[in-house]
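Both of the next two complexes hold subunit A, though its partner changes from subunit B to subunit C.
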Partner chain A sequence: MKPTRSLFWLLPLAALALPLFINPYHQYVINLILVYVLVGVGFNIVVGNLGQLAFSNVAFFGIGAYASAIFTTQLGIPWWLTIIPAGLAGALAGCAASIPALRGVRLFYLAIMTLAFGELMRWTYIRTPFLTGGSMGLTVPPAELFGWVLETETQKFYVFLVIVVVIVVAVGRILESRIGRAFLAIKNDERAAAAMAIPTGRYFLLAFALSGFVVGVGGAMYAALVGHLSPEAFDLVQLILHFAIIMVGGLGSLVGSIFGAILITATPELFRDWPGFEELMFGIVIVLVILFLPRGLASLLARLHPVFKDRYLRDD
Partner chain B sequence: MRAIRTTFQTATVAVVLAAASGLATAEERGVTDTTIKIGNIGPFTGKAAIFNPLNYGSVAYMRYVNDLGGVYGRKFEIVLGDTACAEAKGIAAAKKMVHDEKVFMITVNPCSGVAMAAKPTFLQEGMIWSGVSANPKITGSVGSGGDGPPPEYMFHVTPNGYFSGVTMGKFIMTKPGAKKIALVAHTNDWARGYCDPAKDYIESQGGEVVLDTAMERGSTDATAQVLRIKSEGVDGVLGCLYQPELVVLLRDAHKYQLGAPVIGALGADFGQVVQQVGNPDAVNGVFFQGHLYKDKIGAPALEWAKQILLKYLTPDELPNEGDPTHFYYFGMMNGVGVVEGFRRAGRDLTRESYMAAIESMRSFDNNISAGSVTITDDQHVGISDMYFNGLDENGDEVIFTAYGQPLH
Partner chain C sequence: MLSLLPQLLVSGIAIGMLYALIGLSMTILYRATTVVNFGHGDLVMAGAYMVLIFTIHVSLPFIPALLLSLAALFGFGYLLHRAFIWPIIAGPHLSLAMMAIAIGYAVRGLVRLEYGSEMAKMPRPFEEQFFFAYNTVMTLDEITFCVVVVVMLIASYFVFSKTRFGRIVQAMFQTQRGAALVGINVRLYNNLIWGVGCALGALGGVMLGLILVLDPDAGVWTLLRGFAAMTLGGFGSLYGAVIGGLIIGVLEKVLGTYVSTAFIDITCYLVIIVVLLVRPRGLFGQHATLRI
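Right, the complex of A and B next:
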């Protein structure tokens, strides 16, 4: 049977009916999953598609969240108007984070430099209390959409769903285009890609900026969802969560980022009633997936049905 | 036509009366004739799990009350929820308590960031909250670290960070001739919740905070901080630090002969700090810490609380070795205050009757804390006083009411 991609549209369509069957707690968890879908999608662009060990994702996430919160609290701009600026702030941070890579820094050296970028940003949130509320954190007013206050989790859900669908589809299109193929070429062999006249530096910059934009928008959604930002929310534990999403979902896979976000965000909640067990299960899930599905959940799903295989990875 | 109208009017009145009677007999969320469901949330996992004795202290007291028959025949059904001290997870815990577990109230909730993030949920749902988180913005009003009226259904039956910080400032300013003070604090909301009010108090009393320096969590060396403090020639140091870092600060303060007393915040256990520093000269007459209780932990006045903790907590809930630490007593203080609210609210328990009962507390002696509990409709932080722990030259623990003034 020829795989039909249009089946994927059933997912968001089915999701539209979700709020009818669940309470605000479950709705909140689903909203959190939507935030982490963007986090995973953005992170995967640099790590999975471009193949770079760059860990500045938490910085993009925090910058997006704080940018949205600062625009809302300091400038009085409604939340929906801060989504694009938050993404652009993330993209700008992405450009900054790509500088070491553009200067030839690779592998563990790039990893440690980008990690340091994340920690530097956390230090900045703490040391700029006039903007960020410092270590006491920043309380964000309720999100607004065209003057309509998003008071309930359901209202947030519909807005988040639209944003996530638009961005995931757009990123999918980009990854299937010449740009995405250039990313994969660089990932497979950077020198060979350069020899084929692919301007690698430009694509490095583009990948980091795109990653920063997507994660920055995720940050704006996080600010609207959680309503209180503190520097500690953007520490190394957050990075481990991001990394787990793409490792479990499947490096370089858009489908994997979505399912990775679902599994990694939902697993601790499923085991919430057994304190301590949730951490154990979180670890077990990661170990099991890495041992038995080294290419992540996406590879399992692709085996189940070709429709789950990312188009840009079909020949991979 | 008239007959139809009369029938319609009668039917309308009947429906309204039926609805009203239904409302009158409807049960309050989380309350049955025999149970009251309580959500107890806190960091049961993660790097802040050292604070979960606060949760267990409250649990122990409620189990004890259950053993006595409950309050007006209702026993407490306690549901634990893990926040991991992280905002996103904490909100999930709070929402689960509200929407899945349908608890009557939420208690304990250490970790200010989580409490602040979950506060809109509590306010939106009209959920009663009685926590121990330090951030003054949670329940504070004018006079207790906030800047407006207190939130309708949220209160502390313990001190908040504002009063704890102010008492740290008061203590050091009672040292004869104290003028120049240094602050060493973590860069998080918990630490600032203590150090900022302390700083304000010191400055209001004519003192000067000559240094406000950071010490990050996980630091294993405080040389830089201590040498800077020493160069300023301060009269005292306030350490708004968690236990491991407070131990490091005290060790290095002794190593470099700082020569000024160090006052710790409530994020550390006094006895454990002394033990972990491992050098009497580094703590005797030098280290002091806020002490919430009416006497020493282990003193006869608190023996009843210790017996409850030992009897009603499982080995998993108690420390691996030694007696229950002070966080357990702090948690129990919360439990006693919360239960007192139920006693005062009477048999007809509603959120309104409970809050009215809480707001009727005047100088309530919970039999644990140094200060009594007073809550009014414009002041939702119950305790504003505490004592201080210290060690004399022989290494014996002494409770102080002010610098150099022992309780006994």
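Right, the complex of A and C next:
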């Protein structure tokens, strides 16, 4: 690791001091940003790094959130113990979503199928009221950590920050390793990757499971943050948010997912009085990004200073 | 219970006609430019909203409003391809898909901004009537669906096989590069095909507006039914999309009646998932999967 890269650690360190300066509402938005950092990082693994058109991210997010909420409400497990199971539930959903890909379904076929999977999950939340509270939603008890109840947004912030840093660093290491290079090889040319003896099927499964895990943990954090889950939260407006994060941030860039999440999550909070404005604005923003900045914010940052360039992308 | 079957077939085929029309319009775009228009459902609903705007806010009679709406969607499809799809047509599939999705969302956002808070109902051109024959009921709406779609299918058959425009389009379905080599203005004809595809979809949307309360989210409802028709028929097959749409329409009614009403909503999702898992090329499609 080049010495300059350790500068990135300043980001979470500086964030530690953040709660001193802001009010609880802004703290809530910042916690939401932390949730969406995980969502963006997880989504980008499959779409950006593996290069597959998989739209099932909202399903992973919803499954993670509902898994955490159901474990706490039905089984009485404290929240912190549900984080890993929620991630595993997401990973399981990721494995399920990768089955068509393993059968050779690619491109638009995969996109349509995963879109149908996401809608099917939303239907499931509504139709299983004994578990999910149906369309009325499910109220989650306050998150608990070793018997210590997370009441204020500031308490949640510190817990979330630790989780996000651990996962982002871990994903970064994975993407820089042999596994990450295999993902990129598959993205560039799947046949060539297979010809180089890369077991493409195994890496598909791994990428989807990893993506599902990361997003599922994000879902568990989301459940603890908002305290009430309803099926509408996991509809297609949610999907455009996820897309906007990775498109604006930069496809296939870990740095991009983080900055995309910061930029995109904060904006809809400004427009919540005008339903529809979010969709309109994100639609236009994505169109503009595709036309004029196809590599996203990450490419701008990389031009600014090479430290922002993802190490696994440095050769292209 | 079995005595219901003729009735279910009749109403299933009627609604299936709409799915067939929407699936067909998406297939035309896909065949021409190999772009799957993920925003198509929103454009379909935009057709119905345009009729609403022209009849209520401009107070035109229904038929001129319908024609204006189709013209508007033709123009929109033309510009959409020219301004947003063509510049990135050589780019990765992901960008193309994202572009179509983003435009669909922008259209939906615009509609929600204007009509999100109210239940919008498109004005009807005629009063609903019922016709009884052989123990089955058919509404005037359903007869309209069947007549309009069958006329459109016959018309598009003639346009595609007999006119100069249709032959050029067929050449472009086969290979765009080859078409460009023999002097066809590929960009212009792609624009036109997108215009025609969007107008056809909008016609389907207007007919859906007869039976649905207009809702910004109905676009996704439509999109997934169009996808189900395309997937079942086989991606890229024109008559496959029509037959697929009819089968989905009937299947929705049959499953909804004999299994559970909850199945009406998810028949199309299940069809998409099962077909892509079991037989990805659908009924009439070409090879669809990557084998390594």
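One rule holds in what follows: the second predicted complex is superposed on the first by the 290 of 316 C-alpha atoms of A that agree within 3 Å, B and C clash if a C-alpha of one lies under 4 Å from a C-alpha of the other, contacts with A are read in each partner's own complex, and residues count from 1 in each chain.
What we mean here is this: a contact is a pair of C-beta atoms (placed from the backbone, for glycine too) under 8 Å apart; a residue touches a chain by one contact, two chains touch by 3 or more.
All figures in this text were calculated on a predicted structure; none of them were measured in a lab.
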Touched partner set for A:136, first subunit B, second subunit C, both or neither: first
Touching partner for A:191 - first (subunit B), second (subunit C), both, neither: second
Which of subunit B and subunit C A:158 touches, first, second, both or neither: neither
Touch count on subunit A, higher of subunit B and subunit C: C
Contacts of A:228 with subunit B and subunit C, given as first, second, both or neither: first
First (subunit B), second (subunit C), both or neither touched by A:243: second
Touched partner set for A:279, first subunit B, second subunit C, both or neither: both
Overlapping contact positions on subunit A, where the subunit C interface meets the subunit B interface: 275-276, 278-279
Contact set on subunit B toward subunit A in their complex: 44-47, 80-82, 86-89, 91-93, 95-96, 98-100, 113, 116-117, 119-120, 124, 135, 137, 186-189, 191-193
Contacting residues of subunit A [partner subunit C, same complex]: 47, 51, 53, 99-100, 103-109, 111-113, 115-117, 119-120, 123, 127, 190-191, 194, 200, 235-236, 240, 243, 247, 251, 274-284, 286-287, 290-291, 294
Subunit C to subunit A touching residues, read off their complex: 36, 38, 84, 87-88, 91-95, 97-99, 101-114, 116-117, 216-217, 220, 224, 227, 231, 235, 262, 265-266, 268-270, 272-273, 276-277, 280, 288-292
Subunit B-facing residues of subunit A, complex: 23-26, 28-29, 32, 126, 134-137, 139, 142, 151, 153, 222, 225-233, 237, 268-269, 272, 275-276, 278-279
